[in-house]
């Protein structure tokens, strides 16, 4: 993989909007052409070169292109938007809309990432070592189609409404999630290794959510279906036992919500509604 | 000095926009105001108190007197130089001023946001996912036999609401109070609950769960919990029955569910419940908008830019995403480098850290009163009170448009928001040519 | 047994007095007395060992502030506190908007402890804090 | 570059001006200030229009562009705006487009299609001020709005007691109070029944609590319209819209006023007739009722129609017909907004996508075109898409290509649902609209139907609204070269409004404010005072606003233009 590095060279006061900082807009361009790519700093048009020191050499095939962004770019929005290949590595904290509408390729963030990570994602892979904001893999406001494919892996915690209006793909949170994971979810898989604050799978109509840690309460419109020995994410199998709830009844949904049995004693009441002996 | 009486004056305090005030003017002051509630009287009898008498510009650490053109010149330069300015407030001024505000934001490339973000913004986000079934207040007055106040306390926040538009009003098909069933759902027994027919006490931050349970019951699903949000199951079933069997029901929701845990999704669920109920009977929902023209701020911003609030015009086209382009979030991420606040006092209502970030950047405030925001500002320009000293179009909470009228001359040297903003816009256009 | 502090669920909101006074201007003594206050349930006050009108300190993850304690006219449950919107409540509000633009003004976990000796900040002092770099 | 002279000469254009019987002749058009004159001085600025079509500015008789319903649609659909934005320039304000454009974008995009006059199709009287505030902010276009009266409590009561003269006086007062242009009737009685969540299905159903039937409302208002001598006929959105078998309701509605017809001016206009031309008893056997409707219209001179043509793709349906929109919400499952207005009307919004593969949508596509091809008199059928219900107005060039070219229709037919194709008569229809007929149904006939004397033609004294399209009919055949025609009508070579050159291709060169027309029918003094008396207490118990706060003053409109007539009552 040939690498082009972008090292942030100034403290950003206002947000930067750089949807063209992605492999598709950089492949086949010379370093000077890359430096002259237009981006927005607040309401001013500037060039990439004005806030990044750009090094490396021209790469003509997108599969070989690896973009490395060094420094705190938490105020730089839409990195990797619409990318269809190649790799982006961010050493530091990333901004909002990272990998927005991404088709393919991969993004790795060593620090935290902002909200709307991988929103409306179609394919590819995003990995965040730290935490993320809200609306991971979600849809745009008013649209009823979120992430359709691809894979998002977050090692830290995630915010609210991850996988909102999700239609496919997989989101794995190794930490905890706040409220409403899988909100209005239609399909796809969400795995939360630790705890969920509340309201998992609210108004979901399909798809699968697995909560490995603790959740204080299940929404009243969900119904217990059975206790399963294990649950599957794509090919990987996780040993249970899990309570399996089906919902959201309010949307006549067939979403499947797996909640680990141990540690969730508050949910024991649902076992009375199971006809099979436990 | 002779006294003069003005009829059918429109009140410019809360979202009710009562339009039957009768004002008596004596020696240039309001001596009596018939049909005005306590909050309205608070404004009508004291609008002259604690006013900014003249424009002020800060040099060093003190705000000192300046001429109108000096203040506008300084403000214009701040805005023209700014790389990411916020234009905030707008809910306590006229639509004509808001139209100029959007044009100014479009011209300088700033973020146009109004107080909806910290009021019923979550409600609008919910509507954008589910839609809403609503009406004008007269439909409630004429037809409603079931009125539910959810997380709203009109006795305190909209004192004339029940008398003019809902529970205590006389409608064509609902002549007396007995024809109406009034239910209040809140975390505490509010004064509104005390005059309702029944009160449902809900645990704080559990609105979504209760709404979800009621919707499930309306859909005849079997609930597996005997208590939801602290409300026993048969009380939920009873409420669901009342809702399904009414002829015309309405939910008025307040900040109780937009400001607590779940925010926009609480309203998303409430809208879904109402949509579900429309399969069985006639059911509507309406937000209790707080300020007299916050609805107008949404409408004007929406017809000019396509979006009701939190509109980022810095890239030459409108961008909307509350959470990214909304005032509190931008301030918490410390992303803006200048601000214009019109007819609002964010420094005394925003979370403290957001207020600090707002106070540390060049801040221009246009407001009749001395407020915490004006005291922290770089430039202060006093403006006339809409609906008292200047006229203007305002939108009631249900979207009905009224034209607030002028019946007292403003103090000399004090001009309207519209005139100030027009000057400011012209000056900015000259600078950025 | 007088417990030194009490866990409560804080709701900030509109009250008619605050609604009326905000229209009149926020520098008046009247405004301070009616807005720099926190309504509590009578039993909670007793548990804290303080009487109506004495000062208490409220703190949340976002900050803390000293205000006058009072009894809710609109019956407050045990474990609940109500404060009118305004410059004092602002220190306690959770700024996290969960990407909706709305900070959390209601349902905030807070702890309350007696602070008879401490003073309620005046508007000028609050402005000083806000403008301090 | 700015020209000092206010004179303009459009040279050698190929003129289509049906009102003045000019059909494709090479002529010059002279303009001075904002009027068309017979000649100009040598100093006039010259626009070379040789080899190009020159027509009067387009006049759109039915479009939802302003008002509380349209704005609720804008607020509802950020996802519709996100994909189609308008960048600001020195002259243009920024904005958003697709199915519900923001106000500025509406003005710019209509002018790049060569349209210069657009009528807002439905203004709820109580919220008419909102409509006018938005119309004031739509640049360039001249405009007006229709006042919704078909479910008005006071009118229903007056008609029930047969007080026809008081009803006419009240209508005259309402048009002045709301600065409206014509009587708009939507699902008469049905929206009032929807106030209780009920539905009205035919002209004979009684409206709950008012014991009047939709037929009596239509007939009563048609009589009132004639008494008041209003410039435009009653503009009717019939009952049962969007329901299979509703073509019969449409014909009954047209026939209910046939005996009132005298003189040569049509007295009833049925709007977006495609949605009301459904035959069959269910979605499965849905077929086109266009032949029957067209046959009736060909035999009766008192009726005019507009198409309400659909085009495939995503759009937003919005009408004052609350019950229909709820019906469409249940059908589609999409998000739904409903807003009932006290004592007057209602409204509903549902985003909707018309799909080629969908049997019902394909039949709807056919119904609209069959109506256009079967109604013989082009002066009584107008081209609309009921923007944005059938399609956004930016799709007009596509609809034009279907009307003028059989090949264009065949290309579209090849992709639609095959069983729908079999059931439609379109494949067998050969008629192709001539350019003159096209000018009639998009500007001349609509201006005439609206009674706007200075619009829709290029005669001396007409408003200087001109559209120049880069298509040479002498060297190219519209039927064969329809893609070129579509492109030409998609971005007018030049659009001139009030004598000013507004746009060249897609670029906006100048921005002016348009007029807002409203109709004033002067009635006798004593009738007026009798009405005013019992209006006051009607407001007391029916409305939540006072009468003095209901009336809109004339200078609330940016540039008001009163069209005054004298009533017979």
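Labels A, B, C and D are assigned to the chains in the order they are written; within every chain, residues are numbered from 1.
One rule holds for everything that comes next: a residue touches a chain if its C-beta (ideal position, glycine included) is under 8 Å from a C-beta of that chain, and two chains touch if they have at least 3 such contacts.
Keep in mind that this is a model prediction, so the values were computed, not measured.
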Check: Any chains in contact with both chain A and chain D?
Finding: B
Notebook entry, point to check: Centre of all protein Cα atoms: which chain's centre is nearest to it?
Noted result: B
Margin query: Could you work out how far the Cα centre of chain B sits from that of chain C, in whole Å?
Written below: 23
Item checked: Intercentroid distance (Cα basis), chain C paired with chain A, Å -> 38
Next item on the list: Identify all positions of chain B at which a residue touches two or more other chains, and write them in rising order.
Entry: 125, 128-129, 261, 320, 322-324
Note to self: Give the residues of chain D touching no fewer than two other chains, as numbers and ranges.
What the structure shows: 76-78, 82
Check: When you check chain C against every other chain, which residues touch at least two of them?
Finding: 98-99
Checklist line | Inter-chain touch pairs (all) | finding: A-B, A-C, A-D, B-C, B-D
Notebook entry, point to check: Given the complex with chain D, which residues does chain B contribute to the contact?
Noted result: 7-8, 10, 19-20, 95, 99, 103, 106, 124, 127-139, 141-143, 164-165, 170, 172-173, 247-248, 275, 278-279, 281-282, 284, 298-300, 302-308, 313, 316-318, 320, 393, 395, 399-403
Checklist line | Residues on chain D engaged by chain A in the complex (per definition of touch) | finding: 76-80, 82
Next item on the list: Note which residues of chain D are touching chain B in the complex, please.
Entry: 66, 68, 70-72, 74-78, 81-82, 85-88, 93-96, 100-104, 126-127, 129-130, 133-134, 137, 195-197, 209, 326, 329-330, 335-343, 349-350, 541-546, 548-549, 556
Item checked: Complex interface listing, chain B residues touching chain A -> 82-84, 108-110, 125, 128-129, 208-209, 212-213, 215-216, 219, 221-225, 228, 261-262, 265, 268-269, 272, 276, 314-315, 320-324, 333, 335-337
Item checked: chain B - residues contacting chain C, complex -> 13-14, 38-39, 41-43, 46-47, 49-50, 117-118, 121-122, 125, 153, 155-157, 159, 187-191, 201, 204-205, 255-256, 258-261, 263-264, 290, 309-310, 322-324, 326-329, 332, 345, 347-356, 359-360, 369-372, 375-376
